[in-house]
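See the structures that follow.
Consider the two complexes below, in which chain A is the common component and chain B and chain C are the respective partners.
Then we have the complex of A and B:
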């Protein structure tokens, strides 16, 4: 609120041309990182408007045709719906697991706490292809031993994606729990709130930024996942990244660029909306 | 409003005694202060009253009701935290209403009570602000209003002034005290600041190492400290250590024979309040003790002057004299005479304490 005013007077008070090498080095590094991250995105956006079918430089003209193709492609639409469903379901189930797990890890001291903590973060470290194969093998075993076939089912896919979502949530919820002042809970109890009411009225609002950010990142991780999904999708039921891959196998036209740009826009909008409610920079 | 009784309340963590056999009886409407250095058990005791720490032994009674095993939310105490602990996502009004809401007070009645409580601390105009939009002093008063709004049986204050700057602290002290007297609410405050304790309390409890060392009025503690620790902690004293030589006489480490108003035996420590020690160019007449000594250090405090006098290589006393005439003050190296009346502030030497 007062930040702008403070910076302004701070700058005005400084002498005009004093050299601050540290600051400039930091700014330069930030710029390089920005360029590094943004360049591919700029190129794919540019490419999505090329008029020729085989992407080559220089462009022969510009068109919106590929966006029409992307939106009009039933396979992409079906895959998008599946991806969204899987992402949302996995995020909701992930929340049911991650919230109590984070609370337990952040607040209780028990034997094996470190192990559980590492276990919950493991899916972030294990390559997706390994994880996908491992789940596949497990589902085969389950199908053989218990005659419960989850292979290539929607349930199996969601199950796998929960593993992608949980580490993000645990990480971000624990971060906001670490910054949460527990005397607020004592204050609530002193005022007459029992444990449940205290959690609902005081703890939850306090760690909401972490929960929202964790859900957001978890959803994005699920939505963009390719390697794990490859093992778990069923016939006629692919996720968007797989649909893109399949399309690429027999065609490279800017439709792929267009669908990628749409994906980027959807995720960016979701991030911006989230940021309006909880400042992501405070938790990430 | 209720009487608060603690009976042999103890808390042990393994071998560590955070509180041992703390027994207190706080009368209805009384302002009791728990005073002591950090780690003395005062905060543990307060938290046992509020219900956040489960005692290892002993009982807590509020208004005659045994609440020892009740959770915090069933005790009806109002606690003001050191860091205020205002809910950051709720407005000032919602913060103050929280306790009433938990007690299912009807909306209209609750609104009136919130306003009353905020008027008590003169912040009713800030009812719609968020805590972070308030100054430290304002937050402190909101915390007080929140703790009072639901009319708790006992008001508990945990170092409520320690986060305020010095100027504000003086005002808030008076404000809290007069509010407490107006409402007649039984209050227990924890502090390590003796000036704060002395100005606010009806009665004080000095604690150390989890145990109560002395309970009494300001005058009791100052004039008749119960032991070496209390004499050192409350007010200022200079100490002479030695051995009891006979009936009401102590032989100091430096070989002086000093008369006192209490009989003990064995190693002992005598506490002398600086303003009760007289200084002059001649032996002090009319005092039970008078010794010559050399001025070692003079500390100019403005209206008062501290004169440190060495009576022997091992014995030093501090005299505090009013600054009537700065030209007449002794200088370092001068030989002066000091004298004082026989004091009852003589205690068995405490092995934990420096002499």
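Then we have the complex of A and C:
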């Protein structure tokens, strides 16, 4: 097939002319993929405005009332609050342990550095469902051996989510440390600043984009996590993604669509803010 | 890795303790990942009795059962088949978009990239919900096909393997596009122009210049989407329905049936298979790359 293409186009006229149809085909193919990616988001948004409750096409009319229903739904409010609390706590704890770790990994040369680096990125590699199950059985063993029951507790949930946050932080903070000009620190010290002042006034502002981006990605990874949380939530304590999954296993209607759209908006805003600090396409 | 000595800026010796910097994070991740995985592996060698639940033992029974029981074997082959199909389709669909994003000069480029990235962080359940409104027997797709007179009966895609494949492709496509885009951006455009000026047709240029140079990126993107598809949970649960089984949902349902040893064995088969196929893929591409 390609051999034929060579002989055909070998006789073709000027390159500019020859490329035109190919260019259009390429752009059309790219557009198909682009629309494909956005299709589920477009349709869930559309459904959230349907006037009838049954999601049959075509809609009989349009309304905004499902957004009122969504905001007033106690189950989803509770789930949202839990997800936000867990996300914020896990992000803060993650930052406290991941920032020094990133500094150590980026600046120091020590035995086992590569292994530690890989270990800290491991929670991204182990499937969420396996990691959640594994943490669950560890908590079972802890409960049996040390009589310390963390099963289905808030603490256990936060612990699991710290693991989700750490790899994003390490990746993004180390990336911004790699691009940081160390002569700036030397200049500060030459001017008489001590090491703490240098870190506070020179290093920190320099790597702030990485810290902000790491925190944002960490929070979003925690906020949107489903698989790991399945094993760690307790009775009366559900995260938003699990609440959405359970509702969808039962039925789909404009209320859940409105809730989904609100979640999409929160995440899109977080991503647009993050994009001001680091280019999103560089880090995913 | 106790104390590390580094040459300080003013020539003075500055001693920093690597342990105090990386210690806490290392301990947390080791306790949260390595420890639990070891315990889980030990559980996978335990025995199970419906009345006594988990019984202490040291038996490969759960693994043998997985590879002999028709139910588990079907789950295994469906998972691998879905993962391979979605990966190939993601590659075919993703390459043109990645190329256009890598070469475009428009000032909306960043906005286009954000539009590709945001769906990644919108939960899989939400994206599955979007497909559910399309796929139902009275959904957009079925009704539109009937309105256009293409079909007379309602089309039922919901709760089929097709629905799951369509859903997983949408989930994984952004990863493929972003991986390919960053690799294609690193390929000098002059090489393409050189191929064209030597008389190559666009497809020949892609086959002989772009494809070999982008191969490491193609392998990376393919491996990433394959792993994600193998581990998919929300999409098969919501679009496949209760009868459709992939490995990740089976782990959770075995867990809920209290058969922890079996669930643990499925978990390790899932990770082992993914690892083996990933290694095979990277070895294969590295050999191709050398030729």
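Everything that follows uses one rule, which is that the second predicted complex is superposed on the first by the 237 of 284 C-alpha atoms of A that agree within 3 Å, B and C clash if a C-alpha of one lies under 4 Å from a C-alpha of the other, contacts with A are read in each partner's own complex, and residues count from 1 in each chain.
Keep this in mind: contacts are C-beta pairs under 8 Å (C-beta built on N, C-alpha and C of every residue); 3 or more make two chains touch, one makes a residue touch a chain.
Just so it is clear, the model here is predicted, and its values are computed rather than measured.
Shared-chain residue A:184: touches chain B; no touch with chain C.
The wider contact with chain A, measured as residues touched, comes from C rather than the other of chain B and chain C.
Of the two partner chains, chain C is the only one touched by A:47; chain B is not.
Once the two complexes are laid over each other on the shared chain, residue contacts for A:272 go to chain C alone; chain B is not touched.
In the superposition on chain A, contact is made by A:193 with chain B only, not with chain C. Legend: residue contacts after superposition of the two complexes on their common chain; A:128 is shown touching chain C, with no touch to chain B. When the two structures are aligned on the shared chain, A:114 is found in touch with neither chain B nor chain C.
Shared contact residues of chain A, touching chain B in one structure and chain C in the other: 186, 189-190. Within the complex, the chain B residues that touch chain A are 50-52, 71-73, 76-79, 81, 83, 85-89, 98-99, 102-103, 146-147, 150.
Every residue of chain A that touches chain B in the complex is listed here, in rising order: 181, 183-184, 186-194, 197, 201-202, 205-206. Across the complex, chain C is touched by residues 2, 5-6, 8-10, 12, 15, 18-19, 22, 26-27, 29-30, 32-34, 36-44, 46-47, 54-58, 96-98, 100-101, 103-105, 107-113, 116, 119-120, 122-123, 126-131, 133-135, 137-138, 141, 159-160, 162-163, 166, 170, 185-186, 189-190, 195, 220-221, 224, 226-227, 230-231, 241, 244-245, 248-249, 252, 256-257, 260, 263-264, 267-268, 270-272, 275, 279-282, 284 of chain A. The residues of chain C lying in touch with chain A in their complex are 1, 4, 6, 9-10, 14, 16, 18, 20-22, 24-26, 28-30, 32-37, 39-40, 43, 93-94, 96-97, 99-101, 110, 112-134, 136, 138-140, 142-144, 167, 169-170, 173-175, 177-178, 181-182, 196-197, 199-204, 207, 230-231, 233-234, 237-238, 248, 251-252, 255, 260, 263-264, 267, 270-271, 274.
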